[in-house]
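The same chain A turns up in both complexes below, where it pairs with chain B and then with chain C.
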Partner chain A sequence: MHLEYTVIEGDFVNAGSASSAIKKTLKQLNVNPSIVKRVVVALYEAEVNAIAHAYGGVVTADIDAGKILLRVIDKGPGIPDIDWAMQEGNSTASPEVRNMGFGAGMGLPNIKKNVDRLNVQSTVGVGTTVEMEVNLS
Partner chain B sequence: MKLSEIAKVLNAKVVCGQDRLDEEQDKVFASDLMSDILTLGDNFPMIVTGLCTMQTIRTAEMGNLDIIVFVRKKKPTEEMIELAEDEGMVLMECDYSMFKACGLLWEAGLKPIY
Partner chain C sequence: MKVQELVDKLGLKVLAGKNGLDREIDGCYISDLLSDVMGNAQEGNIWITLQTHKNVMAVASLKEMSCIILVKDLGANEDTINQANEEELPILQTSLPTFEIAGLVYNLLNNK
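And then the complex of A and B:
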């Protein structure tokens, strides 16, 4: 199953709508609730990042019997130092992002904790792709 | 403790999920930081927060956290209440500060996650 959603820059009101839709799909597929939670928590933080730090983007999900593969692809400023960004507490978030309850530098580390495989690819001035895979059984 | 008793302790107004007030809840997590609330794994405490935006409801939805108390006189919007209703959540409005609300809940015997 292939799903695709658009994420819009700065659209905090709808931030999480892709995660919400994927949560509903996984529930319908009777995936174990703790696994669903890990998937949507990771995806939600990545979705917020695309809205907060980039210019929006696309969320794709590919689901088969054994796993879900999620990609959050943005055409944003990119991440100059991914190792730095992966460390808890590191953040370049704007005051606006902090007012939304994010921007403490906890997103990427928590994504890493919740998924089975994480791959962050980024080119400064081009964009970032966050690829996350979670085993469903 | 029953949600109806929690509402009484906090002198809170229940704005959504009135039909669930007989349910019990014994764990609480308080934070204004949504990233913090997203680290709770397989714990499902009641959330006490002063952040009252659509993201609060979304964060709770992702975390399967369905009881939220807004402190510091924060009032959820119609849109927030609508989404919370769709998700079957309980929302309460409390005029107390975070410290006072948490102090009263602690005194009433509610427990932390860690």
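And then the complex of A and C:
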């Protein structure tokens, strides 16, 4: 099963809509609730990252019997130092984004804690791809 | 305990999500950082916060929390209210600051 959702820059009103849709799909597929919860946390954080930091992008989900592969592919600006971004507490979020309760530098660490495989590829000026895989059984 | 009982015992105002007042409460989480709630809140938790924008609803709904309590008479945006009604997830309001309402909720949930 292949699903795709568009993410628009700064569109906080719709943050979580891809996570919500994928949550419903996984529940319909009778995936273990504790696994669904992990997928939801990881994808929500990745969605918010794309909305807060990127010039828009796309969320894709590929589900088969054994796993779900999620990709959040954005159109830049890219992350200059991924190791720095992965550390809890580090954030480049704007004051406006921080006032909403985001930008605490917990997003990528939250993702790491909840997925079985995480791969972040980024090229400054081109974009970032966050690839997350969760075993479903 | 159901959300309705929490409303009655603590005199909370129901701002939205009336159809969810029969949700079952299991514990409480307090934070104004959305990623903290996303990472650490549990299903059935009450969420006490001062954040009022629509993302609060997204987080509460994704985490299947039982209700939201807004402190210090803070109101919710119209789109937050609409989503709460749609999701049947109650948004409650208190005039008390976080510390005070947290104490009352703590005592109520622990039968003190």
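As a working rule, the second predicted complex is superposed on the first by the 137 of 137 C-alpha atoms of A that agree within 3 Å, B and C clash if a C-alpha of one lies under 4 Å from a C-alpha of the other, contacts with A are read in each partner's own complex, and residues count from 1 in each chain.
As a convention for this text, a contact is a pair of C-beta atoms (placed from the backbone, for glycine too) under 8 Å apart; a residue touches a chain by one contact, two chains touch by 3 or more.
Here the structure is a predicted model, which is why all the values come from computation and not from measurement.
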- [ ] Using the touch definition from the top, say if A:E45 reaches chain B (first), chain C (second), both or neither.
- [x] both
- [ ] Could you tell me if A:L136 is touching chain B, chain C, both of them or neither one (first, second, both, neither)?
- [x] neither
TODO: Check whether A:M100 is in contact with chain B, with chain C, with both or with neither, and answer first, second, both or neither.
DONE: both
Open item on the list: Which partner chains sit in contact with A:A21 here, chain B, chain C, both or neither? Use first/second/both/neither.
Closed with: neither
- [ ] Could you say whether A:V58 touches chain B, chain C, both of them, or neither, answering first, second, both or neither?
- [x] neither
Open item on the list: Identify the residues of chain A that lie in both the chain B contact region and the chain C contact region.
Closed with: 12-13, 15-16, 19-20, 23, 37, 40-41, 44-45, 100-102, 104, 106-107, 110, 113
Open item on the list: Quick check on the complex: what are the chain C residues that touch chain A?
Closed with: 32-36, 38-39, 43, 49, 51, 53-56, 58-59, 61-63, 79
- [ ] Would you tell me which residues of chain B are touching chain A in their complex?
- [x] 32-39, 41-42, 51, 53-56, 58-59, 61-64, 79
Open item on the list: Show me the residue ranges of chain A that touch chain B in the complex, using the header's touch definition.
Closed with: 12-13, 15-16, 19-20, 23, 33-34, 37, 40-41, 44-45, 99-104, 106-107, 110, 113
Task: In the complex, chain A residues that touch chain C - done: 12-13, 15-17, 19-20, 23, 37, 40-41, 44-45, 48, 100-102, 104, 106-107, 110, 113
